[in-house]
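Step one of this worksheet: look at the structure below.
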Amino acid sequence: MNFQTVVDSIKVKFSRVDVEHEKVIVVPASDFLPVVDFLRSTLQMNVLDLLTASDHISENQIHMMYGFYSYANKTYLRIKVRLDRKDPAMPTLTSLWEAANWFEREVFDLFGVRFEGHPDLRRILTPPDFEGHGLRKDYERPGFFVKKPDFK
Amino acid sequence: MNTMLSAILGVLILFGVIALQGLILVYMERKVSAWMQSRLGPNRVGPWGLLQTAADIVKLLLKENIRNERSDRVIFFLAPILAFVAPFAAFVTVPFAATIGFRDLDMGAFYVFALGSSVVFAVIWAGYGSNNRYALIGAMRSAAQMISYEVPLVTAVLGVFLVAGTLSLREIVQLQSQGLWYVAVQPLGFVLFLVAATAESNRAPFDLPEAESELVAGFHTEYSGMKFAFFYLGEYAEMLVSSCVLVVLFLGGWLIPFANNANVPTWLHLLSFVSKVYLIIFLMMWFRWTFPRLRVDHLMAFGWKVLMPLALVNLLATGLIVYWLKS
Amino acid sequence: MIRYIKDLLKNSWALLVGLAVTMRYMFRPKTTVQFPEQKKELGDRYIGYVKMMYETEGEHAGVTKCVACMACVVVCPVSCIQVTHDKHPDPTKKRIAKEFILDYVKCEFCNLCVEACNFDAIIMGHDYELALYDRSVMDMVLVKDMKYHDDLYDASRRQTGSANRSITSPREREIIEVINKKEHEERIKKAAAQSENAS
Amino acid sequence: MTMSKSDQSVHKRSVRFSPERSLFDQLPAETRIVSRRVRTAELRTEEFLLNVGPQHPSTHGVLRLVVSLDGEVITQCDPDLGYLHRTFEKISENRTYQQIVPFTDRMDYLGSMNANWGVAVAVEQLAGIEVPERAEYLRVIVAELNRIASHLMWMGAFGADVGAVTAFLFGFREREMVLDMFEEICGSRLTYGYIRVGGVAEDITPRFVKLAQEFLDLLPSKLNEYHDLLTGNPIFKQRTKGVGVITLDEAIRYGVTGPMLRSCGFPWDLRKDEPYSIYERFDFDIPVYYDGDCFDRYRVRMDEIGESAKIVRQALEGLPEGDFKVKKLARNIKPPVGDVYVRQEAPRGEYGVYMESDGTIKPNRVKYRTPSFSNLSILALMTVGWKIADLVAILGSVDIVLGDVDR
């Protein structure tokens, strides 16, 4: 099963899905859960391999990037979801894959994307009292390293 | 008055000897472990690194004594003392040579085992008193371990007592000079005793109360300075006691193999005894640097399902044979 | 019952096999290298301190090879190199490094600067004892102000150059300037005095 | 610190996540037999919280585990990460494509070669750079040697975790030989930065080939020694067999990859199943075991050492002449706008680099999908019901590198 057949079978069911370039399809946020469910149940994409985001400040968007893989068919499919930069939110995938738990916590931590229905949405890499979301482009780091410690 | 003075002198001599043995054993442990791991071991302080342990002791003496604020002051203080005193006191009845030894008790063996098992109090006090969770887990493990290994330990040596017909350590050695050593008579008992004694003195692979990869340092996590040194010394003293008892019970004590022991100078007897003890201690070190650590429930299972039945079989067989020989 | 005894014997044998391994190693030659006395042979490509190269022959012998082309500064992933330039004494060449400062607090020994250098001015030295007592002396001055020392790469004469530590954001620069101005001046004075004493 | 609210109770989990059976029909039957064995103490006591780490001898770095204990039995385990979070993803956004490579060394510092390789391949795919054949061979050689070094070091550390300290030293001793080789070719012993965009940093030397051959000749006898010392040891077997079992569907749901997945009976290896670089030219096997416990993870890794040695031998024999890197590579690569995701089989599992280019000299976003992060997420599930001593063994068997987890 190659990429084209996967895309074709998705497109039959979901008309609003676009192909961005090879291996990436763009799915609107409202269609995301049904598409994932379809992938999982029909196309045997049973591995959540990648879950990350990227900040596109010029388009005022945050792009969620999901990577799904099928051990049975050896097909890799990446799904891109465009979110608004202001208060981005996604449905959680933790009910389908436990792997999503930590990945989503990481994206929440570093991008501030809320995952609705996540059982345990805490910061994971930065300390609990950390302010801001580190991987956003407009994140300004506070001026620590003011002074080099004097070890004399 | 005279007896009082001689007693104090004896205690001082014993303390000096054991402290020196402790130094030597720490050095030996380091060298043996290093050689087994294809390293060199300490070789910087003094010739061949001989003064390394002395330097460590000095460091420990000079170290600040830190006590956890919420620890139990009295118990925290008493635990290292007991940990050293109990095995130390057990030396009273050990016959080092035909004429060297402090006091020969009728119940010598019993006395040694009783003191050996009282070390568990020190460990539990240390674990409870230092108000540290790792220490507490170490103490709990220690309690369970000591109790389950006390039984096969004693059961294993009962065979020897059956054969010898006495509990006095000196008499047991003298009996061995007339015939075979009891290691030949009781080979299974010897192995069982060796294993159980290793467990009894908290040595790897049975070092669960300390278990440095799991419990940081187990029951003595919170100890530092001289108190820590006392635990350390206590461990080696207990190893010494166990080995001494093992040598006395099974390896003929001070006797020299294949020689007429009647007209041999005392210092040779002493040398023979010490070298046997060190051989056993080397065995224990060899175990420690080869085997992984047991888990606590496997330890229990090993104690009750392997050592205990074997010890009972040994006891039964010995009893039957002794009965058959006598009748 | 038979299985119990069989297991017991089998396991005891396995334990003995393990004991044999450690016993064998007791008597084998040891692998330890006694560090300060014995040293391992380093490969030609070993990465230690960055070393500055100097002209060895010709009119300008003893002058640094660095022409302040900034290739290393640009390529450095952690921006730990600071180079200022001056007019080269040789009229055929344009520039020469006035100061070449490498901050070893930041340096990650990736070798990219050496590969970027088109003039073979810097190489990776073989010194690997990098521990120091003071972080401020880890900004090492490889070339110092117009003197074109050929002996500046000398562990005993490491100079401080903290006045030129690289600062990334303007905000930090402000803060540092306010707080550390005095300290910096002192250090610069000290460094100058040291270099005077030495020369 | 509040404990995780996610369902730690195993019974609830099996209701919520229905396992997929379709895939498993293709797999050997043994995989399905292993079911989760949850053991609880017969005597319920008051639970207490034990804080393992961040400073603890066997957390392999700065990891903190908040463990609730019932006696010695673990009822809940909550890993707390981030003590080694050095923001490499953010740093990578502010560096040119070539400058990223030295930072990746610091992520998985025991498998640096693979960490470099993933980034290099990602940039090459983005910018359309063709790598010479010799460079590919050299990359395979160093990556496989690095895998051997990593597994040897892991073997030692795992031995130390279960209490066999001598194995620790033995593992380090043989790893040292590999480090000597790496020092010969790239000058560093830990953070190599050897695999660069467009090839490798420098060509190998005759001394490297000699050292490699000596090492490969010596390795089998040393492996036998490890087997004598650890594998056959009944105490070691007792400590690891049946401990920390995960089933295949659990492993897949948690995104577990690498030796941990292969120990669950699934012979999945990217080198074999989706051969990247030139791996399809080599003859090697994928070790697979079926129990998914600590002992099988150990055996998979020990067998992989031998298989990697095979690859290195073949690659050294078949090493072609030619360039070791692309000549005339632009100083600042400007790939076209686009994104790429590269997956590779690192010593710890699947290592992925997601890279987004916006047409400038710096990437817009770099994401490192590191194997340790995913593999560690299953720790909470694996340790529940086991003893505190098993926690150490299980954590050791995951083979985490905290630099890799926190990045």
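Details
Order as written gives the chain letters A, B, C and D; numbering starts at 1 within each chain.
The criterion applied here is as follows: a residue touches a chain if its C-beta (ideal position, glycine included) is under 8 Å from a C-beta of that chain, and two chains touch if they have at least 3 such contacts.
Please read these numbers as outputs of a predicted model, since none were measured by experiment.
Contact tally for C-D versus A-D: the pair with more C-beta pairs in contact is A-D.
Of all chains, the one whose Cα centroid sits at the greatest distance from that of chain B is A. Chain D has its Cα centroid 30 Å from the Cα centroid of chain C. Here the CA centre of chain A is 23 Å from the CA centre of chain D.
If each chain is reduced to the centroid of its CA atoms, chain A and chain C end up 40 Å from each other.
Distance between chain centres (mean CA atoms), chain A to chain B: 61 Å. In chain C, 15, 18, 21-22, 31 are the positions where the chain touches two or more neighbouring chains simultaneously.
Along chain D, residues 166, 173, 229-230, 233, 235 each make contact with two or more other chains. Across the interface of their complex, chain D is touched by residues 11, 14-15, 17-18, 20-22, 31, 40, 42-43, 45-47, 74-77, 108-112, 115, 124 of chain C. Those residues of chain B lying in contact with chain D across their complex are 33, 36-39, 133-134, 137, 140-141, 204-205, 207-208, 211-216, 289-298. Here chain B touches chain C in the complex through residues 32, 34-40, 43, 286-287, 289-291, 306, going by the rule given at the top. Interface residues of chain D facing chain C in the complex, by the touch rule stated above, are 95, 98-103, 106, 166, 173, 176, 180, 183-188, 191, 193, 201-202, 207, 225, 228-230, 232-235, 331. The touching residues of chain A, when paired with chain D in their complex, are 21, 23-24, 40, 44, 46-50, 52, 54-56, 65, 67, 71-72, 74, 76, 78, 94-99, 101-103, 110, 119-120, 123-127, 134-135.
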